[in-house]
Structure formats: C-alpha cells, structure tokens
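Below are two complexes that have chain A in common, paired first with chain B and then with chain C.
Here is the complex of A and B:
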C-alpha cells in the first residue's frame, strides 16, 4: 500500500466510516487503523515490525510513567536509559549499515558488514524522534505522562504522520486524540481539498521535474555545467513538491478524521537567507532538533566551560559565538546523520547547510558594511528578490550532492561539469534527451505558476486552502474537479515513491 | 447535516467517469477475461489475434496446459524472448510454446507444476532462464497470484513433500483485481491512451478473434502458443533499437545482482526431476544487442549476474548432458542491432535462422 494506491483510498474510506460510526471508541479505531496501515505499508517481516512497535511503544510508556513517580538522579537515569535505547534501535535498524559503509573505504576495512543490513523499517526516524520528544517533555515536566497505553501508542504511531512526519508534540496531540469528533462537512471538504492539492503537487509537478533531474544526473556526460545547475534547481522544485505534497496528503487525511497536524512548510522559497529557509523548511524537524538538542547543548556545562576558556583566549565578543557555532555544528551533523547515515546525505543535508549557516553568520558584519558602502537600499523589493534567488541557489547547490546519488558520483559530475561549462545543444535536443513532451513542458510551467501563487498566499500568512475556503461552494468544487481531472489525465501515477519515505 | 452529506454527491460524476471508462474500454481485459475461449480456439488449431486489448497470458497458458494432449514431443518455456520459437522450428508438430512476458522463477515452476498436475508427458523442453529468474527481489515484483499456488505445489513436490492439489486462482482473487483496476488512475490513463490512439470512445475491433487475411498485420498467437508481433512492431529499424537500448533498465542486471543460491539449488532439483522422467533439456540464452552488451561491460564487476548465469547454465548442461543454444554475448552469436525488433527481442525470423532448435 502506498499513498497513491487505490488500497490507501479504500483503507482511508473504511477508517473514516468506522471512526465516525464508533464514536465512543474513536481513539481505538485510530490505533487499530494505524497499526494495520503500518504493517501494510512496510515491506519485510511483519513479526520484526511488531517487535519494533512494541519495543518503542513500551519503552516510552513505561519510562514516562516511571519518571512521574521518581525524583532526582533516578528520574534522570530512567530518562537517559530510555532515550539511549531508542537511539540505539534507531542507529541499529536505520543507520548502522550506511555509517559503517561510509567509513569502510576510508579505514580500508575488508570485512563484510551485510549482517547490519536489516529490512527497511519505514518511518523509524520520525516516530523515534516523536517518542524521544515525549520522554524529554515528561522529564522536563512540560507535559504529564499518559496512563493510557493506547494513547501513547497512538501518539507515536498515528498513521498519517507515521511515514514522513510531521514530528508532533504530545501536548498538541493529546487533547485531539482524547476528544470525540463529530462529522463536520466543512472540515471534511477541507481535508479532501488539501489531499487533492498534495496529489497534484506530487503526481503532476514533482514527477515531471524528477524526469529532468534523473536524466541529467544519470547521463551527466551528455550535459554541461549550465544544464547541471538547471537540473539542481529542478531538484529543489521536485523535492519541495514531493515532500510538501506528501504533507498535504497526510494533513488532509488527518483532517478527514478531525485531527489537525502542525505545518511542516511555510513558503520556504521566499526566504531571504539560508537561516530563514531552515525556519520555513521541514519545520517540525528543525524545531525538534533546536528544542531537544541545540538549546540544551548550548546551556550545558560543557559549552559554558568552553565559552569561559574561549573568553580568555579570544576575548569577550568572539567567545560568545564559539559555543553557538559548536552547538550549530553538532545540530547539523545530527540532522545529516538522521537523513539515513549515507555519506552523501550527511554532506548534502548536514555538513554543507551547517557550514553555510556558520559562514554567513561569520560574514554578516562584513556584508553589512559592504551593502552600506555600496549604498544598497535593503528595503527595496529588488534587493529582497535578489536575496531570495541567492538563497534558492545556495540551497540547490547543497542538494546537488543528494541528486548525484553518491559522493563519488557527485565528484565525477562536478569534474565533468567544470570541464564543459556550456554545451551548444539546442533546447529541443535537450528536451528530446529528457523525453519530455510538449504537454509535459506545459504542465510543468502551469504547475510552477500555480505553485508560485499558492506560495505567495502562504507567505502572506494565509494558505491557499484558507483562501479557497472563503470562496463559494461552486468555486471550491470546481478547483477540486480541475485538480482531480488533471491528475487522472496527466498524473504520473506509479512512477516512484515519496522521497522522504526513505527516512 | 443532510445538506452537508448531499455535497458529497458532487463527486459522483468523477467516480462515474473513472469506473465507467475503466470498465468499458478495459484494454487489459480485466473485466472481459477470455483466456479460456482463446486457449480453446488455439487448441482447435486456429491462430488468434488480440484486437482491442491484451489478454492475461498467465491464464492463457494455464488453459492451454489444461487442454493440451497428454503427450507432447517438445515444449518451450521462457519469457517473451522465446515467444517466436514455432512448430516449424523444433522438428515436430507435437509442440507447444508456453512462453509468457516477464516469466519469473515462480511462473517457471508453476508451469512445470501445471504440467505435472494435468498429467502432461513431454520428451523435450527448450528452457530460457533469464536474469529475472535468479533474483528474489525481481521474482517478488513479477510474481502473479494466478501462478503462485502451482509454483508452491511444484517446489514442494521437488523437495519430496506430500502436496495437496493447489487452490487455483479463485474468483475472489480475480474480483480483488477487478476492484483495484476499476478504481485505478493508471488504468484510466491506459484507457485514455487507448481512446486517443483509436480516435474514438468506441472500441474499434473485437477484443479477440480468429486470424484471417484482414487481421494478419495485428499481433496474434499461433495455434502452438507462439506469438507473432504486429506488423508495425516488426518494422522497427536499427535506429529505434539503438535508441531504446540506451534506456535499457540496468537495475534488472545491476548493480551487484548475483544468482540466488536457493534458486540455483531449486533449479538443480528441477533438472533431477526432468532427468528422472527422461526429459531432454536445451537451455536457450538470448543474446543482448551490442549496445546493451557494451554498456553492461562498462559496469564491469558491478554487473556479475550476466556472466554468472551463462557459466551456471553451461555447467548444468555439462553435468546433466543437456544442450545450450546461444550466448549473451552478441559478438559470439554474430548479431547486430539490425537483427532486433527492440532493445531486447531478436526478430523471430533471425532467431530461427541463427539457432537450430531441432
């Protein structure tokens, strides 16, 4: 079962019907549906999956309830042990093989580590973070531990968010799970519209940009540097429409059940700096790492003592920055590692963005002087657009490592591109090589325009769904019809899975 | 509240169009299954064309085996690569070609299971074991529910276990397929493509029929089970083949795919079974076209399976005293792109000229 299969629609339909019919036990209907969905969507041994589900759920439930009864060091020990066991399971089942593989050539190891290659455990990276966040919240006393084991399991394994987030907090979900939801037609239609928009983004826009990316990065010897840069920009559109499309489907599905999940995107391509971009992109992951890793690390005794020592060596002002940069470096290394533990993902989604952030912060005073010296009016729209384009370009260059599908490939592609900055093949030849039809190009252009309009709405603080909500019923239905007919006629169904499913 | 529910009705026309078009056009014959009737016509000695749609070749082969004589001199079992081996090429009229597209390990075992269950005796088998057959991942991808029970039966039989008569591909399974397809957007797109190519909503020809002079240019099954591509497909030129070869799906042979040891062992058990029944086997290895062969060579050690299969089949043939026809290497066989209809399929005439199947 995938999110684009008819089985998923059938599953969702049955779940929605049972959810509203069996109102007194809605929580249990959701839990049963979530476990069924997880087992159905995951390849590999169902028995091992059940063990993983039980392990993560029980460790979380038992430790949080124990912590409420304990005080002091003992409470801390329980929190540490439970978090450590979750991290170990995440590392073993998801990261170990890739991490060892990344170091094998560097350390010249010849051993066979295939025993570390467990079957794919879908969504493990997401629900482990969800569970850890809950344990930490209980440890800090921000939320009370739930005595209801079903509630804890449902919070961790709630099916729409299970496979690629958003990463939720217990505080924002508990009441929604506890409440009895009545069928609300407006909310239901809002969910349908949001799902249709998500499918449109994924099947009509993302898959077509994916064709460009796949062809250019697979047959890169036929393409020049300029083509590769355009393909890297296309990857940004592909990744965004794929991931945000997936989020729209997930949030729309949750909305059908009366549950509101936190947004994961907020017009990221309107960001004027890389820092702002990461505040608008994969929001729940970023805030999770900031709240549970970066801030505690910055406040830790270790960082305070580093700060004190740095003060003696570098003086007051730079010393303030050193613990911040160190925490930022740890944060981005962990984010890089979280993306599967492969070297190229570690570089493309951890090392490079982290380095850009640190560098841009270091260069900030210099850039401020430069803009002042050049008499640039930073309030002008043209300057803001320049900054936006620069941000998109920098992010796309980080992601170029990801679409190269391997560090060695990335190096080869860069080497080749630099040796051929421009090729003189006509636009038509390139399009023919990529196998795009005129209709594909038209759909890509229309898709980007529609996407841009939706992003403008989001940037102004009102999502396209809310804007549509204010229109009359005929317009709302007309838009859904247009989206669904386009998907039925031109959606590239069954081409590939969602990119973020692999994490 | 009542008004609220009524609003859901606005989506009925969309569903109506999806279900209606999928059911009526039905290019895969999911709702107009006719494999039994087609098999009956073939067994009666007639060539059968597929008009507006495809047929389920798994079901067709099942029906053919169920209806064929209880003794046959020669059979061909393989993927689409062997669909062109005909009665006239094997030196006997007592012959059936049981090849099917994307034949996987399960399909192959299922065919032997069906022959066993239907009490069909045969003296010789031309067997094409291609790259699909040695990889569990690919096998899982291509295994169809129609054939799985027979494969399980045959594997049990080979391992010496007592096996009950398998439950056939029952109506419930077919119903499940139909429910899936009637709601399927990709099936709808196939229907739209079908409508566009016909330039009409109306289905232009019968779904299938007996070949006569007016239908000879269409794709058809010959009465021995072999397949004749449409005249349009047969006219593909060297340039078409070379261009298609550039986009060959390398994940079928690489990266780092190896012969699965369990499958290799089970094929050995099958060879023991055939030897014990006095069946003569000839392995057919269909050559890659030079463009693909060169690209495979470029992959070097990342593409070991091609060499492994050829070596495995030669060793097996030597051990059991069987024959080997062909090679993956086009330069050994002496073929060029001009000998192919697409990146993988040799033209049937050329195949029968190059190789002696008698």
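Here is the complex of A and C:
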C-alpha cells in the first residue's frame, strides 16, 4: 500500500468513518489503524516488524514511567540505557550494512556482510527520533510520562507521520490524542484540499522533474556541464515537491482526523543564506537535532573547556566560534548518517551542507567588507534575489551527490561533464533524449509558477491553504476540482515512491 | 533579587556576549528582536547567564523558553 494507491484511500476512508463513529475510543481506533497501516506498507517479515514495534514502544513506555519515580544518577542511567538501546536498534536495522559497505573498500575487507541486511524497516529513522525525543523530554522534566501505554504507542506510531515524519513532540500531540474529536466539515475539506495539493506537487510536478534528473544523471555522457547543473537544479525542485508534497498528504490526512501536525517547510527557496535555508527545510528534523544534540553538546563541559582554552590563545571572539564549529561538525555528521548510512548520502546530506555552513560563517566578515567596498546596497530587492539564487545553487550542488546515486558516479559525472563542450547538447537534444512531450513541458512550467505563488504566500506568513480557505465556496471547490482533474489526467501515478520513504 | 535587578544583570550579559551596548531587554523580547541572537549565540548567552548568576540552567528550560520574560522567570525561580 502506497500513499498514491486506491488501497490507501480505502484505508483512510474506513479509518475516518470508524474514528467519528466510535468517538469514545478514538485513540484506540487510531492505534489499530496505525498498526494495520504500518504492517500493510512494510515489505518483508511482519513477525519481525511486530517485535520491533513492541520493543521500541515498550522500552519507551517502561523507561519514561520508571524515570518519573527515580532521581539523580539512577534516572540518568535509565535514560541513557533506553536511548542507547533505541540507537543500537536504529544502527543495526537501518545503518549497519550501508556503513560497513562504505568502509569495505577503504579497509580492503573481503568478508561478506550481507548478514547485516535485516530487510527494510520503513520509517525506523523517524519514529526512533520521536521516541528518543520523548524519553529526553521526560528526563528533562519538560513533559510528564504517560501511564497509558496505548497513548505512548500511538504517539510513536501514529500512521500519517510514521513513514516520513514530521517528527513530533509529545507535548504538542498528547492533548490532541486525548481529545474527543467531532466531525467538522470545514476542517475535513481543509484536509482534502491539502492532500490534493500534495498529490499535485508529487504526481504532476515532481515526477516530471524526476524524468529530467534521471535521464541526465543516467546518460551523463551525452550531456555537458551546464546540462548537469540544470539537472541538479531540477533535482532540487523534484526533491522539494516530492518531500513537501508527501508532507501535505500526511498533514491533510491527519487533518481529516482532527489532528494538526507541525509544518516541515517554510518557503525554503526564499532563504538568503544556507543557515536560513536549514531553518526552513525539514524543520522538525532540524529542531530535533538542535534541541537534543546541538545545544547539549555546545553546553557540555567538554565544549566549554575547549572554549575557555581557545579564549586564552585566540581571544574572546574567535574562541567563541570553536566549540560552535565543533558541535556543528558533529551535528552534520549525525544528520548525514541518519540519512541511511550510505557514503554518498553521508557526504551530500551531512558533510557538504555542514562544511558550507561553517565556511559561509567563516567568510561572513570578509563578504561584509566586500559588499561595503563595492558599495552594494544590501537593502535592494535585486541583492536579496541574488542571495536567494546563490543559496539555491549551493544547496543544489550539495544534492548533486545524492542524484548521482553514488560517490564514484558523482566523480565520474563531474569529470566527464567538465571535459565536454559547454554547448554539447542543445535544449532540443535534451527534450528529445528525456522524451518530454509539449504537454509535459507546459505542466512543468505551470506547476513551477503555481508552486512559486504558493511559496510567496508561505514566505509572507500565510500558507496557500489558509489563503484559499478565506475564498468563497465556488473558488475553493473549483481549485480542488481543477487539481483533482489535473492529477487524474496528467498525474504520473505509479512511477516511483517518495524519496524520503527510504529513511 | 527583584525583577529589575535581574534585568539589569541580564542586559549586561547580552551586551557582553553579543557585543552590542544598545541592547535593552523586555518581557516580550524574542530572539528575532535582537540582532545576533541566533541558535549559535543562544548557548553562549545561557552560559553567560549561568556565570553571572552562579547556577546552572537545566537543558529542559534552555530548549523551552520562548522569550526573555520566561528567561527572567527561570532565573528568579532558580535564584531563590
């Protein structure tokens, strides 16, 4: 069952009907639906999946309730052991095989490590972070542990967020799960509209940009450097419409059940710096790592003592930066590792973005002097747009490693495209090679314009869904019908899965 | 310790960490209102506050405080 299948719609319809009919036991309806959904979408052994679900849920439930009764070092030991066991399970089931594979050529290992392949455990990276966040919150005392085991399991395995996030916090979900929700037609229609927008982004826009990316990066010997750069920019559009489209479907589905999930995106391509970009992209993952990794690390005794020693050598200002850069390096390595443990994802999602972030911070004073020296009016719109384009370019270059599908491929592609004449393949050649019809090109152009307008609304602080919600009934219904008809006529259903499902 | 005294010492910490003598904090002040108060400087400010007031602020409070007013509440509570 995928989010684009008719089985998913049937499942969602049955869940919504049961949810509002069985009002006194809504929480349990959601839990049963979530477990059914998880087993239905997961390939491989259902028995081993049940064991993983039970272990993660029980470790979280027991440890959080135990911590409520303990103090001091004992409480810390329980938190440490439970978090360590969740990290070990994440490493074993999701990362170990890829990490070992990445080191095999470096260490010249000849052994067969296929025994480390336990089969795909969908969504493990997401719900492990959700569970760890809850354990840490209870340890810090920011939330009270729930004594209701169903509530804890539902929080970790709530089906809309299970496979691709958003990563939620117990404090923001608890009341929503505990409340009894009555059917609200406006909220329901809001959810439907949000889902339709998500499917439009994924099936009409993302899949077509994916065709460009796949062709250029598969048959790269036929393309020049400029073509590869354009394809890398297309990948940014593909990835964004794929991931944010998935989030719209997920948040819309949750909205049908009266549950509001936190937003994962806030007009990321309007960012004027890479730092701002990461505050607007995959927000719940970023804030999770900031709160539970970056801040504790930066505030740790080790980092503080490094900062104090550096102060004596370099002076106050530069010394402040050293613990920050060290924490940032650890943080981005972990983010890179979290993306599956493959070397190219580790580099493209961790090492490169982290390095660019540190370098841009280091170069900030120099850039400030340069703009002053060149008498650039930094208040002008043209300067802001230059900064936005620069940010998109830098991010796209990081992600080029991801769409190259391997570090070796990436090096080959760069090497080859640098050796080709700039105008090696014309626009018409590319269109012919990719097999795009005029309708495909028109849909891509219209899709990008509609997406841009939606992003402008989001950037101004009002989502396109809220803007539409304020329109009259005819416009609201008209837009939904237009989206659904476009999706049914031109949506590329069944072409591929959502990119972020693999984590 | 009165609220005004806390504000006086807190202004000093912020001015020192962010190198800006014009900073004037209020209950409603948030990170976006103060130039340079980003996620990097947040921990430097917290460490500065801990050194100024002589106690540790628990991580749970560090990640949940929403504005300066809440920071002052935490300082007054821990300083009792």
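FYI, the second predicted complex is superposed on the first by the 500 of 503 C-alpha atoms of A that agree within 3 Å, B and C clash if a C-alpha of one lies under 4 Å from a C-alpha of the other, contacts with A are read in each partner's own complex, and residues count from 1 in each chain.
In the analysis below, contacts are C-beta pairs under 8 Å (C-beta built on N, C-alpha and C of every residue); 3 or more make two chains touch, one makes a residue touch a chain.
Everything numeric here is computed off the predicted structure, so don't read it as measured data.
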- Query: Given the superposition on chain A, are chain B and chain C in a clash or a fit?
  - Reply: fit
- Give one of first, second, both or neither to describe whether A:9 is in contact with chain B, with chain C, with both, or with none. first
- Note on the structure: Comparing chain B and chain C in the superposed model, the one touching more of chain A is B
- Message: In the overlaid three-chain picture, which partner chain does A:477 touch, first (chain B) or second (chain C), both, or neither?
- Response: first
- Query: Between chain B (first) and chain C (second), which does A:296 come into contact with in this model arrangement: first, second, both, or neither?
  - Reply: second
- Item | Superposed model, angle subtended at chain A by chain C and chain B (C-alpha, nearest 10 degrees) | 170
- Task: Give one of first, second, both or neither to describe whether A:210 is in contact with chain B, with chain C, with both, or with none.
- Result: neither
- Task: Classify the contacts of A:336 with the two partner chains as first (chain B alone), second (chain C alone), both, or neither.
- Result: neither
- Pick one for A:189: touches chain B only (first), chain C only (second), both, or neither. first
- Message: By the touch definition at the top of the document, which applies to A:133: first (chain B), second (chain C), both, or neither?
- Response: neither
- Query: Of all C-alpha distances between chain B and chain C after superposition, which is the least, in Å?
  - Reply: 39
- Query: Intersection of chain A residues contacting chain B with those contacting chain C?
  - Reply: none
- Residues of chain C touching chain A in their complex? 19, 38-40, 42-44, 46-47, 58-60, 62-64
- Contact residues on chain A for chain B in the complex? 6-7, 9-10, 183, 185-186, 189, 473, 477, 480-481, 484-485, 487-489, 491, 493-494
- Show which residues of chain A lie in contact with chain C when the two form their complex. 137, 140-142, 275, 290-291, 294-296, 298-299, 304, 317, 320, 324
- Note on the structure: As the complex stands, chain B meets chain A at residues 1, 4-5, 7, 10-11, 14, 18, 179-180, 183-186, 188-189, 192
